[in-house]
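Chain IDs A, B, C and D follow the sequence of writing; residue 1 opens each chain.
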Amino acid sequence: MKAFAIEGAYGFDNLRRVERPIPEPRRRNVIIRVKAAALNYRDLEIVRGTYHTRFPLPLVPLSDGVGEVVAVGEDVSRVRVGDRVCSTFWQRWVAGGFEMAEPDYQLGGPFDGVLAEYARLDEQAVVPAPEHLSDVEAATLPCAAVTAWHALVTEGALRAGESVLVLGTGGVSIFALQFAVASGARVIATSSSDEKLERAISLGAFAGVNYRRQPDWANAVLDLTGGRGVDHVIEVGGPATFSQSLRAVRVGGQINVIGYLGGTEGFINPLDIFRRQARVRGIPVGSRASFEAMVRAIRVKQLRPVVDRVYPWTEAIDALRYLESGNHFGKVCLELSG
Amino acid sequence: MKAFAIEGAYGFDNLRRVERPIPEPRRRNVIIRVKAAALNYRDLEIVRGTYHTRFPLPLVPLSDGVGEVVAVGEDVSRVRVGDRVCSTFWQRWVAGGFEMAEPDYQLGGPFDGVLAEYARLDEQAVVPAPEHLSDVEAATLPCAAVTAWHALVTEGALRAGESVLVLGTGGVSIFALQFAVASGARVIATSSSDEKLERAISLGAFAGVNYRRQPDWANAVLDLTGGRGVDHVIEVGGPATFSQSLRAVRVGGQINVIGYLGGTEGFINPLDIFRRQARVRGIPVGSRASFEAMVRAIRVKQLRPVVDRVYPWTEAIDALRYLESGNHFGKVCLELSG
Amino acid sequence: MKAFAIEGAYGFDNLRRVERPIPEPRRRNVIIRVKAAALNYRDLEIVRGTYHTRFPLPLVPLSDGVGEVVAVGEDVSRVRVGDRVCSTFWQRWVAGGFEMAEPDYQLGGPFDGVLAEYARLDEQAVVPAPEHLSDVEAATLPCAAVTAWHALVTEGALRAGESVLVLGTGGVSIFALQFAVASGARVIATSSSDEKLERAISLGAFAGVNYRRQPDWANAVLDLTGGRGVDHVIEVGGPATFSQSLRAVRVGGQINVIGYLGGTEGFINPLDIFRRQARVRGIPVGSRASFEAMVRAIRVKQLRPVVDRVYPWTEAIDALRYLESGNHFGKVCLELSG
Amino acid sequence: MKAFAIEGAYGFDNLRRVERPIPEPRRRNVIIRVKAAALNYRDLEIVRGTYHTRFPLPLVPLSDGVGEVVAVGEDVSRVRVGDRVCSTFWQRWVAGGFEMAEPDYQLGGPFDGVLAEYARLDEQAVVPAPEHLSDVEAATLPCAAVTAWHALVTEGALRAGESVLVLGTGGVSIFALQFAVASGARVIATSSSDEKLERAISLGAFAGVNYRRQPDWANAVLDLTGGRGVDHVIEVGGPATFSQSLRAVRVGGQINVIGYLGGTEGFINPLDIFRRQARVRGIPVGSRASFEAMVRAIRVKQLRPVVDRVYPWTEAIDALRYLESGNHFGKVCLELSG
């Protein structure tokens, strides 16, 4: 089969097309023929070599994929040949708190990912894709969507009537927007682009704040919530935005620390968490149970992921560079042709 | 002021118009001029004298009302003169589990209720009414809506993608339908009337089951959920329907025992709860915190309670008799004219 | 290897010694050399043929065992050769709610159990045994102890200062007593034997109620709790005791329906659950995550399971008959000699 | 009656003995004759004038007191004359999340506190004192003990078998130690004094770490937990200790940010919360419901608060200066003579 692997050293130039044998299913394995994949910021960092860990090479990258089950090993109970399934990021986190994950088992590094015609996965690490989604749409779910769901629903116990602030319009933020709207919450989005804010509003956001025009955007959020602040923040900006997130959240509200699109440098006084009586937590994507609960919601509400652009999988490097530009709204995807 | 009180003995005939002094606000009291009220099955039972407790007479009945604050006592911090507020059923259950309620403090028996031009309430026992609701709509919230919210959201932690079964089309069931739809859940309703099922579907229900045509309606619910069963049941039928509810709920699902519209006689084997691994709980309306969280959801989703009929408050007996007929869909209300 | 299997038909007479090949470890399997086993009421019912399901024969019975890992298959990450591990009852319930269990995967029926010199288990279905326990003590954990923990802690969120009622002195009840005491709760035990009540008190119970002398034992429990009722009930009696359990629990309290030692026939009015505002749930043993959390508690508190009697494993039938007698206090166990 | 009030300006010199009329009970009020009080760091800051808010003067300070109810106003249902009750810090936070508190209603500033012979409190803001405690012991509960309970139990859902790290040996940390031990948890304490660590161990701590000898104490904590880290941290040190707390907590563990005994200056990178996947939250003392649940635990386990020193109430300034020295282990208290 054809695949792409980082070989020899990290860097875009070393992501090369390779030939590999089609994997065989062992006990409790499934083999999928990959139909589509989606990119995450982590993938970009891994390929570039800027990720905090450098996994042994060669490595087939990418965590998010969807495919058709073409073979199953012994003792597989959860799926059958012909099923269309998504991969899960954590290969051994079935359910429960993060202490139940086996942290070494991450797809797309250290374990070979889905930038290949076929992939071998454990049966416990796949989830049937919602029928109403295209392959490309279904491919977006494993990391970005599960992260948003895990933050807001599994950990955050989001309920109708609450308010959610999403920073920016990347994959996690747009999924958070959609799940929050589907759950009856009021969503405020931020962006540097009025056009993106318009799109957020067309997806159901209550209001948008252009942080370029309002650098002190926490005040705008407070105004939009009658001074109360929001119940939940999807904090993907990192140190550069955290202080304002802490001002924009209500007393006792929740901040989900997910990313660092605004850079990794910067500091806060931890007493500000005390002063705001906030709850701050890191979000490590989520378990398969979170994924399955999310799929039920996607089915019931017939939600469709927002796909910004689709590239042929052979143009993965272009796709990664586009993701790097930060101009996307929603997900950047790859499609594998027959 | 004018009021209606049960005097001398229980029974419709003893619900009489009386003259009372307008109450004075004491410390932490508010006085409301009642603008609308709503009826609950409990009110019907109290007036008829069939309620399990017989409170001392005379008693001004009705728990659910909305009014304008016309006076406040000393040390009132939560509302001001001019605010439009709803009463709460439990006068001293602010938040937390039911063990935090003081069970003697129920409005409309033993404490005088809102079938009067003015009512005196503790400031901790009122909730500002959502602005977009009419007086009659806002009057429906204290018992039926809070019960539905407390069952599904406060206790049930309902999340998008789950399924909810509501029995019949009375006040609690219709609110449960609306809150579940607003929260992204899939709702199945039962009724003996196809017309009512059509209305339930127009409110967002996924499907309806006519239990007259399908006396074995649990099977229909199982079919509609792919054999899995529903996550939540709003069980208002009592012993007559409980066994089927237990078959219709998924393994590990939740049954909220709320009422007994189908009568109070009948039995189950408690081991059936074990066999289904179900969670069964009684729902005692809910706390003010539940009420306030619900109001936020009503505001965000701009929900409107379903009002079946409105009577002048002087025709309270006719309204109670209509409620007794069981022909309503949603709430039966009373309006007080200026 | 030697094993015992039910062959041909159900019944004590058909539990026979058989010779089987030592199992080979496949991918993600571990092979244990069984060192001890413990009996549960379910095992008794399966062997007798009175269990509600009749699994295909032959069947090696027993769910609870401890052994040394003597071989591991490919891709095993959680244990190593030489580790001493307990089996789990649910072979595929790692964590999360019961909807995450795959209900067909039960050890000791339909899957071959641990009444054998060696057993093959999935790596996800074993838990390292606490070091300070003997083999026989460790063997008691998988069903009875996990059931008690899952009821009180995982589902019940037991906290210091609460009260727990345990019915009788069988395995689940005695573990519940120990976990409740270790968690800072106050425990009331019931028994028909003053001697057993004395032993319960020596294990830390606050009080005992002899239900033979006080057939209306719910009143005694109410007296012991100042009229409030207990926060948690471990209900193993079935329909015969449920009504009193419902009277003995506090308003809003929790009843865990676990067994039916008093028989399976009997009825309640489900409205009594409403009237008491109780929470009633079936308890299906528990997940591996519950097991692991429990083991941490057993280690920290250096708890020791209460073993009533130990038989050589070749006398399994005698042990089952002793269990059937109901005279035990704690667990009945089997020991395999080298 | 006699009282002490801060008059004219902040500072020790302005805490003066004053004469006030004995308060009258209004509706829903209780009047207590104060028998003992306890000091918190907040009291010290208020008197000195270093607290972040400066309340209007004159102000009777101190939040923590115990007294006998000598009069009750109209409509008081929860206590009677003769009851011995503790004050609560939040005068209007009965139960539920912190959003249910009315933050202006704090005892000891802005509301007059308990450094007086009599105090007037709302009936909803008192809790019966455990019978087995002396007045001085009972006086220690409202702030320090409730903070520890709210952090570990109400918010933290502490369960047997978990591990807890307490920083230092002040009031909150020692209560946290006691509640954790009573709940079956394993406790690690830090201190600069071996003698204090010995006392912590005599109270049930599993181990102590002298941070003077081991400035890199997070490593010692990791060693003591087999590299896993602790489940809960009671973080009272502020920015000076937060970074090490974040290293000492397990992946997914909880840090309760409570105080800043090590100073208020210092910074962290908020991404470190993400990297550790920690849950960090500010703890605002707690609700009356938390207080009541804690009292049940104190009763069941017959816990006794650790009182370091008792001063006559007329020597409040000396007591505050002793608290300021930081030499205490447990609580510094005041006693009122008849």
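Side notes on the structure shown:
Criterion: a contact is a pair of C-beta atoms (placed from the backbone, for glycine too) under 8 Å apart; a residue touches a chain by one contact, two chains touch by 3 or more.
Every value quoted in this text rests on a predicted model; they were computed, and no experiment measured them.
Common partners of chain A and chain B, by the touch rule above, are C, D.
Counting C-beta pairs in contact, the pair that comes out ahead of the other among A-C and B-C is B-C.
With centres defined as mean CA coordinates, chain C is found 41 Å away from chain B.
In chain A, the residues touching two or more other chains are 97. Considering their complex, residues 97-99, 103, 238-239, 242, 250-252, 257-260, 264-271, 273-284 of chain C touch chain B. Taken together, the chain A residues at the contact with chain B in this complex read 153, 157-163, 179, 182-186, 206, 293-301.
On chain B, the positions that touch chain D within their shared complex are 26-29, 73-75, 77-78, 92, 94-97, 100, 102, 104-105, 124, 287, 289.
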